[in-house]
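In what follows, subunit A forms one complex with subunit B and a second complex with subunit C.
Our next item is the complex of A and B:
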């Protein structure tokens, strides 16, 4: 049921991203090569490399030709060369990419699971103090910037309690293999993933809670209770299962937010993903890497959103109103 | 049904907390020169001091008084918030109302653009643009507002479409009122609460994003900003200074964001009949 109309927004968004990436460095005053590569990199260039680069980016050609050159390089997967890492940008990014995905994936899983369980319990006890407590607590958490939560977690669990490692994704030069390596990675992952999940708990919590509240009024819940089923069974098997669906569909909307959040969390925990690349890139004025990461991350977000949008419509046509790409949260019913 | 929004916020406990927090932040921002015991930039030999009677929150590694920096930081957050919210709301109004009133291909074009901008994570665009421009205050405000209008524009367009079919607006059109007159006389006054809600949401986002950007170090290095102070304390996480370097600043930032969230929430509660609690029943 894939319709072209659904994907037009994404196509336009993609073009905007390409345009930002292409025009920003070329609109800067002065040497375009300096804007593309950063001043520092230029100092080390020999005249031959310089002319080769100008040729490669077609910088001596009119803008139209330049754009064509840019596009054809992109299609070949060529994102440029980083003089800071002394490596192709695509290689630098592909080293960092899995870590960000691991972090975001874990955080999304945690926040969806914890959020929906808390939401179901909260909705079940609507108006009781547990509900009030969870509701205010989670709304409160949403107000914290991700990096602040990350830093507090880092200090409490890393520095003060000293249970978790402070930085990185694995212990360097430890030579762990197999299970020990996996454990090491998990140990490094816990703090950043939980920090990221904690700030983003609100969405799935509210969705699960709202669906729970409405589901509890349904006739089949009444029937289940009349059958004498235990509370827990009604809560999870009958009502809970139905409140899971909107949570899952919400993941697509959350993805963009999570990836952006991960950029900050990675900076806090020196986690070797794309966020750290951005932070280092900003400090070293490593423009090729910045542009590459920008392109990869935005495209990833676009593709995920598009995929989820198409998927929702396929799974459940009823959901149409709440899957708007505006990311607007479903209203809360207190 | 007429709703007195100010009254609603005042009687709503969440709204009251939000207003109180906001007054606190605005007070700190306005009175920073009076309240701050030291020059926030002055570097003194008394570095890395723990809190004392002289330096209530201690000093940082170059001997700057943290309390003074905290107070001055409120200015940056607050000015960014108001400026961005104002500009973004104005853009939303211009785009949304124009799309709603003019219609046709113009409306399609504007809304397509808005929809497309909505699916791009704005923070990333700001980061990449900031990397090139190295924005000062003005550029930062421009950047953030340019990316902040689409969500508001959608809401305003939807409202405009409803409003323009109302009888009094149609009547005024039969008397020959042009779109600008209708906008000024009939649409904008009725949009008041919606615009306020959009404004508050914009302010909240701006505080968040300014903090994030200065945390990454892409804003003007000559300003005192909470995000920058947080990044600074991250570098000294191994020293035992976080209690007064990190927590007060982080809390100030979070409370500012929260004040906007709470006010916005209580406003939304007042506007949405489904969320309104029956008080006079």
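Our next item is the complex of A and C:
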């Protein structure tokens, strides 16, 4: 199903990203160590550490060798060392990564589901009051920056109503285990996830609504209605499925962006994900961490793309090489 | 079983269907023809309850008014009782499901069969419409247009409907596939009633027993398909047939003047009709029984204030004698409005005598002449303002002492019409119409200044200036060379299309008659020996004399009669 050609495409894209990530700091004028670690970090370096670093990054070697060194380090999972956290970058990132995934994943699931269902319903009833209400409401929400919504949520639900915790991803040192821990995590997750979902609702909603409206004009919708199918079947099986494609594309694009786009929300809620890591890294000029995060984000984008492509082939038969049950290969039209 | 009673459909202020009434009997097949925009598709969609317009009137199916049904009741009727194949083959199937699923879907959703049984029945249906098992699981994008059409038909037949509505079932298909689909539909037509909406007359003629013609949201004519197409009664139906390229037709294609509009009151076709009278604008005609010509099975209905295409000129038992010689013997001839009759026959057969007798240049010895269904007793100015003649030799038919202006305006002088300035204006307009220059220099020209073609056009202009309804043209082009002749003939056809001019075209050239006439009338020794539609007379000449005339007709020697020319043989042998 997924052909060799596609895999090679992804591999090439990945290598290019790696190369850019590697060469950019080294192309900067001045000391590469300064570029990689920042001036401030270098001031605190002893000559021994410095020579160790030079040795480690193979800075005394030709650029090709250096790249090779970088690649082989990567294969071993070595992303460098953060002097700010005093830990391996890979360890720092892997501590933050699951939280971001949890937050962004939840937010996207909510916004995609709610957005496309609302969009389809809205498109189905174009011009009716439900449609107008949803359209106005969602466009209104879309207009706010995410941190603003985050702050409002924080104040309303965290401070005034005091239902949800104010910060963090779980209560530190509470020693929860099992179900209690899961509940604790969910409690911490709800506010940031919903804030993030709310501001991203608009895209999915508008796309789903728009394609629903155009799809409803297609002849096969007439056919479906003429077949005497129930409204729900026409709406979701026939019109809905066809109007999902742009939404899926949108989600794919959104996902890569949201990993970094969660920065504000994570900052507002002090959620210990990649966004917070970026923010702290920028403040502390912790370049190795930043570089590591960027690498992870780009890999995430690639993976989402790949996933989307596979998903597309699953749901759109027009993209599938067609083999009928008889095993005979049919004419394939692209 | 299914009948529409005064169905009107409105989109906003646009009345798309206007009091359309139609009945479809059990097991019958009915074709609805008409040009685009006349409301055919709207009508089809309204029946199944999918029109977006506001419907009024009744759609009765088995005694129930479908328009009053709730959504749920309608959903039960849809597909189980009335199914439809939509016009747009390319997008009428959902791209995301294979055709087997789509055919099975209505059976499952209506709860007729379990999913398993439904799929197996869907397979049977697909096989029955001629799709092979290899295509069952194909998605629409993998199928050709014809295969999609078959799948759509299989889908429509899935729940065994009593009525199948097909919207342009053949319009997107190539001729070979079209033929196959039509055969398939004929097969299906044996089991359920078909309502076929199309603008394809050939499809109509081979599909349906009955045809209804829709124009401007009203049914203007209905009748048995064969009779309706071979002998259209409504001017619109005739216009449609004349615009349709038919393998059997010989006359050049003609259009219908004007364009589709929807006048508020009055006959919808009135603005484009060439035989309209005052009442046509004021009230719209009801669909009524049309008097059927002898030899026809009735059942023709027509909505026309004038009772359909009117017979303009009729001769009954017309005879002309020159002393003991009967040059014309009991000729019965009817010329309808907007029709071209070719009078053919060798010299001395009585063609010109017939024309001259009608014009009153010879005295008739027996018989009557009727103009617009009124007996002609004397040829007064009124008669000549309606019937005009053009002669063989234009140079001689125009007085050499008159210039173009005088010659063309002379009929108006005789009828004492208009001031000199008005006359000149009108002359210029008519000259424009016959494609002649209308500047002063040309108006002052004398016949000997003009070429043969120009002179004949001046003669035509003179005949047209009174806006006659009938033109008798006696060998009007025999003195002209072929290229000029072609232009003059084109002019005749255009005038006919524009004004509904009836033409009696006298010629001995049957090849010419074939291209310009609707009917050919063959004369021999003063007798009418054959009278029929041009294509029929040419293809199946009844009288031996006609056959002789046909054999003598001019044909280019490299044409079909000698087989293909040499350079074509190579292509042929492949």
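By our rule, the second predicted complex is superposed on the first by the 239 of 334 C-alpha atoms of A that agree within 3 Å, B and C clash if a C-alpha of one lies under 4 Å from a C-alpha of the other, contacts with A are read in each partner's own complex, and residues count from 1 in each chain.
Everything below uses one rule, namely that contacts are C-beta pairs under 8 Å (C-beta built on N, C-alpha and C of every residue); 3 or more make two chains touch, one makes a residue touch a chain.
Remember, it's a predicted structure, so these values are computed and weren't measured experimentally.
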Q. Of the two partner chains, subunit B (first) and subunit C (second), which one does A:139 touch, if any: first, second, both, or neither?
A. first
Q: Tell me which partner A:314 touches in the superposition: subunit B (first), subunit C (second), both or neither.
A: neither
**Q.** Contacts of A:159 with subunit B and subunit C, given as first, second, both or neither
**A.** first
Q: Would you mind checking which one, subunit B or subunit C, touches more residues on subunit A?
A: B
(Q) Going by the contact rule set out at the top, does A:219 touch subunit B (first), subunit C (second), both, or neither? (A) second
**Q.** Partner chain(s) touched by A:238 [first = subunit B, second = subunit C, both, neither]
**A.** second
Q: Figure out whether A:50 sits in contact with subunit B (first) or subunit C (second), or with both, or with neither.
A: neither
Q.
After the superposition on A, what does A:287 contact: first (subunit B), second (subunit C), both or neither?
A. first
Q: Mind working out whether A:230 is in touch with subunit B, subunit C, both or neither, as first, second, both or neither?
A: second
Q.
So subunit A touches subunit B in one structure and subunit C in the other; where do those two contact lists coincide?
A. 325-326, 328, 331-333
Q: Enumerate the contact residues on subunit B facing subunit A in the complex.
A: 112-113, 115-121, 123-125, 127-129, 131-132, 151, 154, 208, 211-212, 215-218, 230, 233-234, 237-238, 242, 246-247, 250, 253-255, 257-258, 261, 265, 272, 274-275, 277
Q: Using the touch rule from the top, collect the residues of subunit C that touch subunit A in their complex.
A: 45, 48, 50, 71, 74-80, 83-84, 86-88, 90-98, 105-106, 109-110, 133-134, 136-139, 141-142, 152, 155
Q.
With touch defined as at the start, can you tell me which subunit A residues reach subunit C in the complex?
A. 218-220, 222-231, 233, 238, 241-242, 315-318, 322, 324-326, 328, 330-333
Q) Along subunit A, where are the residues that touch subunit B in the complex? A) 8-10, 12-13, 16-17, 20-21, 24-25, 28, 35, 139-140, 142-145, 147-148, 151-152, 154-155, 159, 166, 256-257, 259-260, 263-264, 267-268, 278-279, 281-283, 285, 287, 290-291, 294, 297-298, 301-302, 305, 325-328, 331-334
